[in-house]
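Shared chain: chain A. Partners: chain B in the first complex, chain C in the second.
Entry: the complex of A and B
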């Protein structure tokens, strides 16, 4: 029976061509949309994790309340002991100290007076210890535009467009002006070792990276930092693992009312990323649903057109005594074959295009000059295991649904009028 | 009978006529607080989230446009100098041997972690030329009868669009002040006390500033010594005096 149906589909191209094309296009778009959204959202989450949030983050209770303002006066103290404890209690995760701060960078003229200045977002990270993996985590070697990475105390990296705006050259002496952890004024000279370009407008506008030891000295933060970032063993954010880690740590450290006591938060609790994570997990279902809906309507329409064309054939089969249910069933079986074939073609093309976009990416950096969120400048797709089967869901369901809706007409045919109808033809 | 009616009306309206206008009160405040020159040593006690810090300094000021400050304590801040000439502000830090001009957003930043911004430090103390004033109520502050004045900025660009001040009705010294932004949000509150007679003027020797957008218990600004209308050498207000 199946062999017979497939032969029919192959020999009568009018019966299968249009639904096949529609299904293939729809499935291809489903695959592409899924890999695109997963890629873009996943990249944004990973980027945020590496640059700012970690998979989990340890801060003080008081810092948590006004985290958006990065209040370094509410930083953690005694961080060496805290890090050792974290490494001992949670050995599978890696833990790094970070100091995020703000300030003003002042560039002197030949007389030592202000030539230009601008505000920046500063990052104190462990650059000098190769075991910290921070330079790799922030991809610093690859985003270096000019100069070199800092190798001795007092050297900093400046975002390239910020350096150009202020007229900074390599090895120039610049002055940092800001506030210490205790609220005092701090003015410190640094040497510009290199410039970097993240491809993220929010950071490229004005940022500075220095070794955490330099940041500590400048901000009067001996054995202190405002954030300890934790990264679980896998390269992507696992909400379940992060939640387990956070619950365990916070249960251990929940006693007392000390506002400077450490508290752990997850990536999803920061920078409005919770919504992004929920969106990512729901995206496959949403995309499938939309395409099932759209494809069903299109295929229903195609089925109706096909039904008109096959009006005589159905009438003849009914006249020969074939049951309506059998004809309806055989048409659904045909649609399964069409749906399956269309899905295979659509998935193949969708995956191919996704692969190309995963490798090349689309550069949106110029369109995001004023972006304030941490978003990657180049958007890429990401092929996940789901991408291999997700297209089959709308591909087959929509074809069958479209045929079922258009095929209802079979049951409306009246046997008594069949011969008259056939005569007319 | 008619005479009595006129007398009653006169007695009832007399207090209204005796109340000075907002502008007159501002003029009297300015007479008290502004001087041709001021030389003072002072300290700021900053009550932050991690405890208190005391910063000591000496200031030389001439009129509204020129001021020079040298920080003398603690060690980390010692030797830092600030120079204000008209609307410009420079800072010298001995550790970097640099003279840095403070402009733009930086002017709104806190000075040494206190509740005062550079803008507050640079502010023209002459209120009359910057604000219109009206008396909106009377109140009692620190057991003294006060006029409550509402000041509205005469031009755009003032650090505070609206100010509400409680002025001692006898001494014409503000005892309390609330500073509002353009949106009408309360940004700062100050409490002035220890009003002392200095060279024929009434002067508040202690001011507590509270930045309402900041944690902590505010900053106490205490004047230790003050001399008014002394001669200050001209080179004090040059950039050369910073180094």
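Entry: the complex of A and C
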């Protein structure tokens, strides 16, 4: 009987090909949507983590209150001891000091007069210690457009479009004008070693990277920094681990009212990233639900049309003595076969396209020239373990659900009318 | 039950709801069919022929009275038991053949045997025998779309006969066929009736069929107006 039904299924293109195409397309879109959203959100979160937030961040209590303004006067002090303590207490995570600051970059002409100047966002990072991993974390070698990475004190990197706007060439002397940690004015000369392009509009508009030792000198921040970033062992942000780390640290450092005492915050507590993380964790469920709903309606309709086409066949089978439950069961078995086959095809195509988009990516950088959020310029999919099975959920559930709904007619059919009905075919 | 008695209906009444009232399709019918009969229920449209065939075929239940088929009273049968009797002991032939278009002639004739869970070898022999009875041994691999109307109806006969049922119910089996094909089909059924002792009961108002019947039951307005044996 099974062989007989499979033969019918394979030969009747309306019963197999159309639903198969619908399921395969739906499943492919489900996989693609899941990998796309996971990839884009994951990349955004990773980018934020590497550039600004870390997986966790240690700051002072006072700094936390006005973090958006990056108040370096509220920075951590005694950071060497603090970072040693962090490395000892949480050895699986890596800890790096960062100084984020703002200022004005002045470019002089050959006479020493101001040729051009512009505001920038500055990053003091540990460039000279190869063990810090900061150059790799920020992917500096790959985003270098001109020149070289700083190798000695006094050398800086400038974002490429900012350098072009100010007319800066390699090895030009430029002047940083800003204020120190203690509120005094600071003016320091640097040499431009290279230019970089992040592909992130918010940073490409005007940013400067220098070694943290240079930043400390310029800002009068010896043994101080405004942020210590912590990265857990895994490459992606794990909210549970970050929360555990934060709770443990804050429990140990919660006593007293010192506004300069260290406090740990998670990535999700910064830059409105919490919503993004919640969206990412919910996205698989949302995408599945939407596709189950849409596919069920489409397949229900396909099932109804198929049911009308097979009205005579079902009537004949009932007249011949096949039980309603058996006919209904055989139709559901057919739908499982179609759903499974369509899902396998859809997942295969979806994964293939996802893989290509993971490798190549889609370049949206030109469309995000004025973006203020830290978003990657090239959007990529990310194939997660979920992508291998997520498509089967709408693929099979929707097909079976569609058949179950359309097949209810079998139970409502009166066998007493079969002779009449079968005469009208 | 008499050994030869295969179907008996007693005081059979069937009413259908119509508007606020009821329509009486069959009104107190008493009939007995015996094994090996070649009988027909004839009468004008709306006389209750198909309703009677539905009840005899255990597709419908009487409103009153009883129909006993192969010793089973329709009153006592569940839907599942009725389906089982149809599956094992009855064949159906319809006006419009109702062949499954995606299957071959062989597969169409094979279908009732699949429901009986027969072995492949038994099925093959039974199907080839049935197709030989109806003269379609050379069309085993053809699809219904490749056959003429007469050939399609012969496949339907083979499908009805393949499990060698006790009873074959045929509702207007020649309505879509020309005179030659009708004659040929009826000859085939007569031959099977003689050789296999299968009981054939027709519902028809086609004179071509009526001329082949050995017993003619005339229904008018849901009542038996005549029940006559015809000498051929």
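In this section, the second predicted complex is superposed on the first by the 421 of 425 C-alpha atoms of A that agree within 3 Å, B and C clash if a C-alpha of one lies under 4 Å from a C-alpha of the other, contacts with A are read in each partner's own complex, and residues count from 1 in each chain.
The criterion applied here is as follows: a residue touches a chain if its C-beta (ideal position, glycine included) is under 8 Å from a C-beta of that chain, and two chains touch if they have at least 3 such contacts.
Computed from a predicted model, the values in this text were never measured in an experiment.
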When chain B and chain C are modelled together on chain A, clash or fit: fit
First, second, both or neither for A:322, with chain B first and chain C second: second
Partner chain in contact with A:12 - chain B first, chain C second, else both or neither: second
First (chain B), second (chain C), both or neither touched by A:164: neither
Which superposed partner A:187 touches (first chain B, second chain C, both, neither): first
For chain A as apex, the angle formed with chain B and chain C - C-alpha centres, to the nearest 10 degrees: 140
Which superposed partner A:129 touches (first chain B, second chain C, both, neither): neither
Touched partner set for A:313, first chain B, second chain C, both or neither: second
Touched partner set for A:220, first chain B, second chain C, both or neither: first
After superposition on chain A, the shortest CA separation from chain B to chain C (Å): 77
Touching both chain C and chain B, counted on chain A across the two superposed complexes: none
Chain A-facing residues of chain B, complex: 46, 48-50, 53, 76-77, 80, 91, 93, 95-101, 103, 105-106, 109-114, 215, 239
Residue numbers on chain C that touch chain A, as the complex places them: 50, 53-54, 57, 59-61, 79-80, 83-88, 90, 92, 94-96, 98, 100, 102-103, 107, 110-112, 114-115, 117, 171-172, 203
Chain B-facing residues of chain A, complex: 62, 66, 71, 73-74, 104, 106, 108, 112-114, 117, 119, 175, 177, 179-185, 187-189, 220, 259
Chain C-touching residues of chain A, taken from the complex the two chains share: 1, 4, 7-8, 11-12, 312-313, 315-316, 318-324, 415-416, 418-420, 422-425
